[in-house]
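One chain, subunit A, links the two complexes that follow: it is found with subunit B in the first and with subunit C in the second.
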Partner chain A sequence: MSSNPPPPKPSRPNLANSSPRRRNNSEQALPAKPYELIPFPKQPPCLKRPAGHDKYLPDRLHGTLFLTLTVQTALHVSTGVVVMGSDIGNNRIPLIKTMVQNPDQKLTIQGSSLKGCVRSVYEAVTRSCICKTKAKKLQIPDKYSECTPEPKKGRLDVCPACQIFGALNWQGLIEFQDAVCQSTGFATGFMPSLYRPRPDQRRAYFRQGKVAGRKFYYHTIRAIDRGQNQGIPVQTAAKEYIFTTALHFKNLTAEELGTLFIVLGQDPQYPIALKVGGGKPIGMGTMTVQVTAIDCIKGQNLRDRYVAYQSPDSTQLTGDVLQQLMQQHIQTAHASAFVEKPQLDALLEVLRYPTDREPPTGMY
Partner chain B sequence: MHKRLVNHCTIELSLIPDGPILIKSGKEGADPTKPDMEFVETYHQDGRTIYLPGSSLKGAIRAHAERIVRSIGSDSKPTNPNLLWANDPLNDNYDYLKDRKDKQKKLSPPEIHLHSSFTDRLFGNTSIASRLRIEDAYPTDRTQLKLEERNGVAIDRVFGSVAVGPFNYQVCTGGEFKTKIHLKNFTLAQLGLIGLVLRDLNDGWFGLGFTKSRGLGTVRVQYEQAIVQYPACVLNSENQISLLGHSNLSWNHTTLLGVGAFLEESERDRYGFPKDDRLDTPVSAEAMPLGFGVQLTWHGNTVTDLFERSVKAWKKVVMSGATS
Partner chain C sequence: MMSSDVAQVGLTDAQWNMAHQIADRLAKEDTDVNELGKVIAYLRTAINQYGSNAGSQFFKYLKTLVKNGNSIGHSSKTIGYYRSIDKACSDILQKENLDAEAILQILGWAARLMRYYKVSPIGENAEPQEESVPSAVTERQAAIEALIQTQTFEVGQMIEAQVKQKLKGNKVTYLIGDLLFTEKEAKTFDRIPASGKVKVEIKSLKEDGSINHVKFVQS
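Moving on, here comes the complex of A and B:
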């Protein structure tokens, strides 16, 4: 028999006390929702045959983007694993949800998490399919169902997002490496139990029987660090933590690369930040992006790269030249109408950063 | 001529994960308590270990070599068989390797070589043996391996909840895998192309293994040494490399020699090997153990010098294509 006291048992939140407003039955009484649904473009996804991997096309762009990501509100990307605090050097915490750490114990954001986050914004501002949802087939707007290319049958046409981020049976043109924290160590935060979305209660998810748009959470000035609700401590990257990563790309058009720069918040007209990981409704996961360098080749440079062992001259651009190149591609993207302006404008209102928006109070 | 071995190169290198890598084992889902996708394992030096199968490495290297050749050469068969091109081995019916009048009949070995693509000549096709072999890559020190399980989820675009997953997979994020690449009867241009492929692997331009789009598979390449051997040669009294039985064929003792250098002109042309396939190196040849054969050794980081030189031979092949 153990003489240790049992671990404190979190009590279920008392709905009546913690959120009296919630007891009113009208939907009006719900607190302002911390998200917005961005409606789909007027025209359905435009499907095209993707560029593929067989060769580097001479008129397309290939290379690497080097990114620095700065945490603005506490970030937690879950591994799905809960460990004892003592396992990660904190004896005061009984249980904690972990983040990935690299072999040097540096916090790490999996490439797949970043990719998902960037992809969802790219989807929203282009004429792209609804790539992942549990919404029923009948609820998906006409022609917006997820692309399902079948390369073996020669069916390859996919939407703009699937072309560069990939689809089932189709490898995309962009690869995201893990983003690794510049410093060792981590902070501990608290993740309240968040309620599942209630599609039946929030009728706003649907319009005339079809899903109304893509969900994006607002940025807020800070994350709620401790709720009254039951929850669990989480390993976090706190404000000002800096991550670096690299993103490899091949066979992109200028519009596609330009749109990627816009999504990464590099268009001064559209100062947006990423929203990464868990706790989005309570203001967590805001990250700003800086593109620190680009290694980009096409045409004759491509040929030069493959007739010499040492790259002839560094093709890596930084500073003003890099800024000019980015703005040039961003303008190309806007001018080509590849980017859906109404959607981008609507997203700006949700993803704008900095913001003066307060985090939600009460229920979330 | 393939019955003779005229030159052979062994490149010893280590592959060091730069981020997570996963070479998937085929038997996913057999044991529900195991991750959905786990790393391929084998017995090696009386213990179970994860490893990188040579076949996977060769597949990735071949795919990238083809990508390079298609990008700066042609992706379909040119009229001039000496021009640079790469085929798509998966979708090639190889009609051009059959007799024009009698499709049941194959061409002669030199004709098959001449008409095969640059990459098929190196990696093999149904009619040509591969010149390149890669050994399985095993960890240099099993205790240095870092294995972890990762979870993947896809977020629902409409509801913001989990749409797919979590599914988990096993990755290796740390350690070092040692392997050897063997090239026999190679041209210097072929060696040069391998050098460019390995450079790109180290630069992250392509990865190894599964789910590359998640950023998996990036490795750093560290060279241990490269040895180029001429088994049918000796160092003669003037310290020159000379081909046994061919007193008229001898070279300075610092010469890097491609397969074509060893052949009579008529044979070389029938196979389509380049002329004058030789380069000077800073390395001096030594007699191989047992008295037969001559070898040149590049140690550690100087292996890149071998590649830099070979890429010059590769460039000649590329440029001859550009001007015709």
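Moving on, here comes the complex of A and C:
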């Protein structure tokens, strides 16, 4: 700690300093950036006709993953509503930004939030399109624009990420349930006002007018708590809060399921964690994933599932059997070259957890 | 078609006038409509939580925003926005003894009207007199038409859509403006024409006020 250089003088970013004329100066003044750009694979997205929904294909994988998510740095997924502290039983705080709570007052992470963050990693390590982006159309590299299948015209082909997470007119093959906190209650944290990323000051963001890669924030050993500047108290899930959720999948290939396991941090060679919710630049939202069980329906016992009222218990795998199955699919994914190794290696450096990286100081 | 839209909204003429007054005042004071949106979001959750007491809770909330807004705002202007919103709501709504649902409706329209006034100020007509009901009605019509043109929507609103295609699994793709929406229409699928114009109801909106889901109503 003591060997670190003194933190830069806290100050609000002065917009006057960021005019193009002063760009070089202000760029030097910026602290190490809290994110990295993962470059796109050498080859453009590979579009393929997705497996349909109308039937469980006998040569594909179907089932449910049961996940336990452990909060490593304070997590806040915003509802967008600011309430009085008294509204949520805290009379000491005048105003606070809320998270979703279920009717039992348990904090909840919407399935869509989880899906979004898992998708972004999956996109980055496969030959996929750029889906959720704030970049303008002209800034998207050739062939990387969002897949827009048109079933009526027989145009069904979509990229690997769109095949399983869905696209316009295509539902996708996996579904995330809301993750619910195991315990009742919440913590209160503080979110400094985060300033908009200023791509103009980070020239590496664009290359020849096109987005240079996919942006991922580093994990840090902890989140910055109280900012020196403006900000607002937020309802959070604190370190060690545990959430559980389930993820249903159907018609996946072994590579696709294996890649999903890698993205969820289940490959010991690639120990990565998820980054969920708000405050990413200041170290918030790190969650590790544990797959606790898998309910796997294989082609041959599909029939049993349809005819039996209750599913046979034996399909639920846990412990060593589960680990073996996951590692087997992970190896299949690596061997198939479905996963882009350079991208995955680059991502590991950003999303590796645990980490000894300190949260950024000064401006974010 | 217009008049049925108006009837669905369910504001009295006096309440319409309040919506106009708030919108006009906040637009003139250059208040950020997004801040009004957040206040409306609070009121909506307060109604769920407090029911009929939500109104008084709401006015307490506005005062809390003004008092603490300095530390939470993203810009030094934010506190000014909170002051304007608090003042407008206190002056125009609080004395009227309105229930929280009515306040929610009035503010919802005020926010939409604000977006309209920002691009097209209506000058002298901005604060209609209570007694001049006819002018309020035409102005209201004009405002609603303008809103539809500027694509401001509300849940429950009926709008025209074009059926682009009917898909397997009782799904229908509609074209609204230049956007496509694919919806599951389990109950009405057989009644929906393969193409052409139909009426749909807005079932939900996204956070930015754009349409999220629609449902078939009639062909």
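For the reader, a short list of remarks on this structure follows.
Everything that follows uses one rule, which is that the second predicted complex is superposed on the first by the 337 of 364 C-alpha atoms of A that agree within 3 Å, B and C clash if a C-alpha of one lies under 4 Å from a C-alpha of the other, contacts with A are read in each partner's own complex, and residues count from 1 in each chain.
To be clear about the criterion, a contact is a pair of C-beta atoms (placed from the backbone, for glycine too) under 8 Å apart; a residue touches a chain by one contact, two chains touch by 3 or more.
Given the structure is predicted, the values throughout are model-derived calculations rather than measurements.
Once chain A of one complex is fitted onto chain A of the other, the partner contacts of A:L138 are absent, as it touches neither subunit B nor subunit C. Once the two complexes are laid over each other on the shared chain, residue contacts for A:I232 go to subunit C alone; subunit B is not touched.
In the superposed pair of complexes, A:L168 makes contact with subunit C only, with no contact to subunit B. In the superposed model, A:K152 makes contact with subunit C only, not with subunit B.
Which of subunit B and subunit C touches more residues of subunit A is settled by the count: it is B. Look at A:L95: by the touch rule set out above, it reaches subunit C but stays clear of subunit B.
By the touch criterion defined above, A:H53 reaches both subunit B and subunit C. With both structures placed on the common chain, the touch criterion links A:G80 to subunit B and to subunit C. Judged by the document's definition of touching, subunit A residues 53-54, 80-81 lie at the interface with subunit B and also at the interface with subunit C. For subunit A in complex with subunit C, the residues that touch the partner chain are 53-54, 80-84, 87, 94-95, 98, 151-152, 168-169, 193, 230-232. On subunit B, the positions that touch subunit A within their shared complex are 19-20, 66-68, 70-72, 75, 88, 146, 148-152, 154-161, 163-164, 166, 168, 173-174, 192, 195-196, 199, 204-205, 207, 211-216, 218, 304, 307-308, 311, 314-315, 318-319. The touching residues of subunit C, when paired with subunit A in their complex, are 38, 41-42, 45-46, 49, 57, 60-61, 64-65, 67-68, 71-74, 164-165, 167-169, 173, 180, 182, 207. Of all residues in subunit A, only 35, 37, 53-58, 64, 78-81, 100, 102-103, 110-112, 115-116, 120, 123, 130-135, 165-166, 171-172, 174-178, 196-197, 199, 205, 211, 213-215, 217, 246, 248, 280, 302-303, 306-310 touch subunit B in the complex they form.
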